Each structure stands twice: as C-alpha cells, then as structure tokens.
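Encoded as structure tokens, here's the structure I'll be asking about.
Chain nomenclature is as follows: A, B, C, D, E and F, assigned in order of appearance, with residue numbering initiated at 1 for each chain independently.
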Amino acid sequence: MAASKSKKTAATSHQDRVKAVFDDIKASRNVPDVNNFWKHLARDPALLERTWAGVKEVMAPGALDPLVKEMIYVAVSVTNGCGYCIASHSASARKAGMTEAMFGELMAVVGMANETNRLANGYRVPIDEMFEKADPGPAKLP
Amino acid sequence: MAASKSKKTAATSHQDRVKAVFDDIKASRNVPDVNNFWKHLARDPALLERTWAGVKEVMAPGALDPLVKEMIYVAVSVTNGCGYCIASHSASARKAGMTEAMFGELMAVVGMANETNRLANGYRVPIDEMFEKADPGPAKLP
Amino acid sequence: MAASKSKKTAATSHQDRVKAVFDDIKASRNVPDVNNFWKHLARDPALLERTWAGVKEVMAPGALDPLVKEMIYVAVSVTNGCGYCIASHSASARKAGMTEAMFGELMAVVGMANETNRLANGYRVPIDEMFEKADPGPAKLP
Amino acid sequence: MAASKSKKTAATSHQDRVKAVFDDIKASRNVPDVNNFWKHLARDPALLERTWAGVKEVMAPGALDPLVKEMIYVAVSVTNGCGYCIASHSASARKAGMTEAMFGELMAVVGMANETNRLANGYRVPIDEMFEKADPGPAKLP
Amino acid sequence: MAASKSKKTAATSHQDRVKAVFDDIKASRNVPDVNNFWKHLARDPALLERTWAGVKEVMAPGALDPLVKEMIYVAVSVTNGCGYCIASHSASARKAGMTEAMFGELMAVVGMANETNRLANGYRVPIDEMFEKADPGPAKLP
Amino acid sequence: MAASKSKKTAATSHQDRVKAVFDDIKASRNVPDVNNFWKHLARDPALLERTWAGVKEVMAPGALDPLVKEMIYVAVSVTNGCGYCIASHSASARKAGMTEAMFGELMAVVGMANETNRLANGYRVPIDEMFEKADPGPAKLP
C-alpha cells in the first residue's frame, strides 16, 4: 500500500511539476497553450524544468535584444538542419519583428558562413597572428 | 613558343586577378594586408573572385547591421567548429562593436540552440500547425 | 544469348546474396521481416553485406553491453539529426531495456554535450596539459 | 565616485561569483584546480554558473551511471569533432573506469552510427510503421 | 501617390528580376519550370540572383565533369542530412549519367568517410609530417 | 602461471594481428610505413582489421575510379571539418592525379553545396514531386 501511495504521489508530483512549468510558459509568453516541444519534454520533469529555466534566462533581453537572439537561434538551427527548431524559431523571430528583408539577409549570411567555413577547412588556412592576439583568453581575475 | 607565351600570359593573368581582389579587400576594409584566408584562396582566382564578391555583398549594411551579421557568422562558425572562422569573425565582431557581455550572450544562445536542437530531434517533436501556417512558403508573384 | 544468360545469373546472384543477408538478420534478431533500412541497402549487395557484417560484429555484447551500445547509437543519431536512425535505434534501445528515465537522462547528456561542445569552440579553450598526458597515443607494440 | 565604487563592486561581484563556482567544482571533483574550460567561461559569470549547475545535475548518478554518461559525452564530442571536449571527457571516462577495450567498442559504435546515419540519409529510407508506433509521443498527463 | 507608385515599381522590379533568373534557369537546363528551391529563394531577388549565378558557374564543366560535380554535391548533402538537396541532386546526378552501381559506391565512400572521420577524431590522431609537407599552402605569387 | 602465459599469448596475438594488417597496407599501397591513423587504431586489433578491410574494399576501382573516390572522401572530410582526414585524403587525391584546378573546383562545389543545403533548410523547401518519383526506393527483388 505504501508503494502504491508513493507511486501515486510521484505521479502527482510529475503532473504538478509539469503544470507549474506550463503555467509559467503561458504567462511569460502570453499564449493559451504551450507548443509541442514542451509537451514532449514533459515526459521528464527535471529536463523540462531545467530547459525552460535556461531558455527563459538566455532569451531574455540583455546586451542583445530578443530579435537578435531569435535570429541567432534560427542561424544555428538552419546550420544543424533541425526542422522543428527552424519552424518554431523563425515564427518567434517574425513575432519579434523580423521582416522578410531581414530573413533574406539572415539566410544569406548563414549560407555564406557555411560555405566559407568549408573553404577555410579545405584550404587548411592557419590562423593569422593578429586573430590569436585579439582573443581575450581565460578570465582575468585579480 | 606560342605555348610558352600563352602560359606566361595565363600566369600574369592569375597574378593580376589576385592583385585586383587583394587591392579591393585592402581598400574596402582599410587594412595594410589581407588575412590568410584570401592568400590561400588565391590559388584559384575564380574561387577568390566569387567568394570575395559574395562576402562583400552579403556583409554590407542592409536590413541587418554589420555587427549583427558578424555575430551570426560567429554563431554558424562555432556550431560547425571551424577554428579559423571562429577566430577571424570573433575579431571582426569585436572590431564592429561586440562587447564581452554581448559575446557572452551570443555564446549562451548558440549553446542553448545546439542543446534544444538535439532535444527536438531526440523527442521527435512534430511541428505545430501554427508554425506551419506562419511559414511564407514560395514567393507570391503576380 | 551468352549475355542474356550471364545477365540472368547476375540477377539471380544479386537476389541470392540479398536473401542470405535477410535470412541472417531475421534469425539473429528473431524477427519475421527486416526493416526498411536493409530493404533499401539491398539495391547494392556488396554494401548490404558489408554493412550487416559490421553492424552485427560491432553491436554484439563485448566490453560494453548491448543496451549501452544502443544508447550510444541514439546519441550519435540525435546529434546528426538522422530521423530514421533516431526512430529505429530508440526502438532497439527500448527493446534492450531502456526505460523512460534512462531515455530522459540520455537526452539530457546529449543536449548538454552539444551545448558545451560549442562553448568550448566559441571560447577557443586550449587543451589542458593533464588531458594531453592522459591520452594513450599510438599503439605500444613490442 | 559613485560610478567608480559601483564599478568596483561589480568587479568584486564578478570575482566572487567565479570563486564560488570554482570552489564548488574543486570540492565536487576533489581536484586542486579547475580545468581550462571553466577558466574561459569565467569571463561571463552567469554563463559559468548556469553551465556548471547544468553539468553537475546532468552528470550525477541517476538512471544511468556516471561512466555511461561520460561515454555518451565522448560519443557526441567525437561526432561533433570538438577537440577540447574529446580530450577532457575521454580523460573523465577513463577516470570513471573506461578500459581500453571499452574505448575501442565505443569508437566502433560511434563510427558505425556515423556511417549508417549517412546510408539512411542517402537511400532516403522511410521510417517503418513499427518504429512510429513504438514512439511514446508527448507526455500522457491526467 | 509617389509612394504608391514607387512601391509598385519595386514590386515590378522584384517580379522582373525573378522572371529573368527563372527564364535563364529554364533555358540553361532545358526544363519547362524551375524546381521549388528557386521558387522559395525568389522571396529575396538578390539572394536568388547571387545563388543562381554561383550554381551556374560552379557546376559548369571544367577540370571536373558535371557528373562528378553532382556526385560531390550529393556526398555533401548526405553528410549534412539535407533532405531536399539529397533528393534534388541525386535526381540531377542520375540525369547526368549516374548508374545504380555508381550510386552504391558513392554511398559506400560517403559512409566510410563519415566513419573514419570520427575514428580520427576519437583517437586524436596527429597529422603525419608527410601530409603537412604535401600541402601547397598559400598561393605562390611572383 | 597459466594466466601469465595466456596474457602473453594474447599480447602476441594482438601484435600479430596488427603486423598482418600493417604488412597488407604497406604492400597494397607500396609504402615503407603506415600513416598515423593506422598506428592509433592498432590499439584495438578488431577495429583495425575491420576498418582496413572496409577501406580497402570501398576505395578499390569499381564503377567509380579511385581519384573520384578520393575527392568524395575529401568533400565529406571538409564538410565534417576533420583536420586529419582533410590532410591525408587531399594528399591521396593529389597522388591519384588531382590537379590544383581540380582541387579548386572540388572546393567550389563543396562550398556551394554547404551553402545551398542551408538555404533549402532555412526556406523550408518541400521536395518536388518529380524528385520523389525519380527515387528508386527499396530494392526490387523478384
């Protein structure tokens, strides 16, 4: 009976933890429902909680504004070929103000970077000394 | 003799084509010398000319400003793990105004996107209908 | 006539080679039919034979047990974004005993590794001497 | 003066936050110093804190033991070609008990998965219905 | 009115630029319609023009014949897992003369390269001096 | 004593198996020594044997000639950013007859494919029906 009860408690807890995250997503984004990504992650409450906490913190306005962050997200997703992420973050970027002209330039840079990344690989180009010098290296702590 | 002469002309032509591109890079960027990437591409003048023309056009200010474009370039290069491109475009981004705080947020978004791209893959998340609807599809031409 | 006959023999041979591999897959895995992957590879009998021989040898129990091997297969497929491989090897891993809790942790590690791989790239972190020293290097042969 | 003081406080805070994370890494891993990865991330205290919290939680023993988790980390890092991560997590895996025989089998699976991922892509293999059925889909919540 | 007129002119110009590229694609490839890739890129005339100009120049017969070029295109697309590109360039390669036997060998090399790329990563193999010496390095210009 | 002897036998066997592969590589390629890749794989004789058998079979002349195969190997390695593989297979390709002009075109195609792969991803281009129809699908067996 103890086992059965503890199992029920665990199940409830799973459900409660998911509900808390879903509620926060809906409130933060002002949407009536969460998108499929969160519904699938909800199979693992710990992963759901950690991922949402991370996304919420990382995508908040800071030194970079949210539109730039969404476009960077699209750039990575397009480079990795993640169909779901391209669809969802392109939609988010448009919602945040990305125009068709901005999308076109974003794609142009992503395409060009993917091309020249391979040219640099193939021609085995050594890093210029000035680039090495420009690198900040590890944190300078007193 | 004709062969020898045409060979020499071709060699000169190769050299002239490279010089024209190098001069344009130096003038456009106001730098005394081109970086290693261009010196290696110079082995193939057609590739050098096409790549420089593309980079020059794509990276020019437009709907997106040059700093945003450089950060997108860094995001792609970091995702692909291209050591040369990370070093050179991080330097360009700093030159264009990227602060350490902006770099930290750029890396945070790139890291998060690379993580969630794999979660979406692994959980096999289907694309939400609202994202499909938000997609502009092919060009609408009259 | 000779040509026609040799063509028929080649066709038969192709069919026989495929049948031999399919029979071995069915027997080894105790399944009534092979999955689509093998049916497509069957267009090239040499590729089919070599791939099956490799998979059979590599995935057999050894220093690592089959469940761990299947989870590593899933980790790679998720990182590469191969939809077919994610679906098939997740199914194999579940069959070999992967629970939902194990799947959640597998995804968490895969996501985290994909994130920190990019942070290490972007921050251009040099390899610590202790890691270099820990590397076994080439085989020590007498 | 206020500006100068607030600047100093911020600097101290940056330093304090880094020290707190470094101390926790050293204590958790029982090592005299942190490795280069953390020294570079320390340029951004928020990224450092979030990354360490994530790694600590994800790599802790759970449904999967730490050795399996380290080997999955290696599998991802090898697939992505992250030199730093391959060196550091191979060392961690050895420390956690990975033998040379286990490493050889790990590499064999990683190599095979990377090969068959591309065969599945190239032959455009459709997902078998049984694999679709085996997928748990979104969380089943009451 | 001026705004309305200039808007109409811009629209016409967009349409005209697309038509010019589409006409050139149809004529160059002797096809009645362009494929979806171009119809989507047509949302950004500058990207459309630059991409078509690049593809036309790069895929033309030169030191490598068109069939070899198409197979290299397939090899890259399969490695990146780009579903659209695999489908379209496999079709182009077949049109250019790729037989089923050639396709099988192409896939075998692509699979093998993706496997050994990871073995070289995982075993952290240092580059042999003879390979370093064989590299042409930057262009030798007089 | 039995243990000590069996250990010695195993060691000898390891050494013998490596020697047999190394001898075959030297004879097949007519080289005085094997390159570093094989010396590292030699830590695992089973992996060494299987990898060499695969490479030998796949890279042999067939429907595609060895030079084309080496260039496909380079295309994959450049796309994956495998430094060792780029260096070694570029050297092999040059040995097999790749001229600088061929290398330039190879790089141009690889760069272009990596660019357009991302454009197809980002614009979410659906596969044309004619490409679906052109796909051979699973093997047609009587």
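Keep this in mind: a residue touches a chain if its C-beta (ideal position, glycine included) is under 8 Å from a C-beta of that chain, and two chains touch if they have at least 3 such contacts.
It should be emphasised that the depicted structure is a prediction, and the values quoted were computed from it without experimental measurement.
Asker: Looking only at C-beta pairs that count as contacts, which pair of chains has more of them, C-E or C-F?
Answerer: Answer by contact count: C-F.
Asker: Assuming a repeat means more than half of the contact pairs shared by residue number, which candidate in C-D, B-C or D-F repeats A-B?
Answerer: C-D
Asker: Cα centroid separation between subunit D and subunit E, in whole Å?
Answerer: The answer is 34 Å.
Asker: Averaging over Cα atoms per chain, report the distance between subunit B and subunit E in Å.
Answerer: Each chain reduced to its C-alpha mean, subunit B and subunit E end up 16 Å apart.
Asker: Roughly how many whole angstrom separate the Cα centroids of subunit A and subunit C?
Answerer: So the centre of subunit A lies 28 Å away from the centre of subunit C.
Asker: Going by the contact rule already set, what residues in subunit A reach two or more other chains?
Answerer: 36, 40-41, 43, 46-47, 50-51, 54, 58, 79-83, 87, 90, 100-101, 104, 106-108, 110-112, 114-117, 119, 121, 123-124, 135-136
Asker: State the interface residues of subunit C toward subunit F in the complex, per the touch definition above.
Answerer: 11, 15, 18, 36, 39-43, 46, 50, 54, 57-58, 136-139, 141-142
Asker: Would you mind writing out the residues of subunit D in touch with subunit C in their complex?
Answerer: Within the complex, subunit D contacts subunit C at residues 35-37, 40-41, 43, 47, 51, 54-55, 58-59, 62-64, 68-69, 71-73, 75-77, 79-80, 82-85, 87-91, 94, 99-102, 104-106, 108-110, 112-117, 119-121, 123-128, 130-132, 134-136.
Asker: Going by the contact rule set out above, which residues of subunit C touch subunit E in the complex?
Answerer: Interface residues on subunit C, with respect to subunit E: 43-44, 46-47, 50-51, 80-82, 135.
Asker: Which positions of subunit B touch subunit C when the two form their complex?
Answerer: 74, 78-79, 81, 83, 86-87, 90, 106-107, 110-112, 114-119, 121-124
Asker: Which of the residues in subunit B come into contact with subunit D in the complex?
Answerer: It comes out as residues 81, 100-101, 103-104, 107-108, 111, 124.
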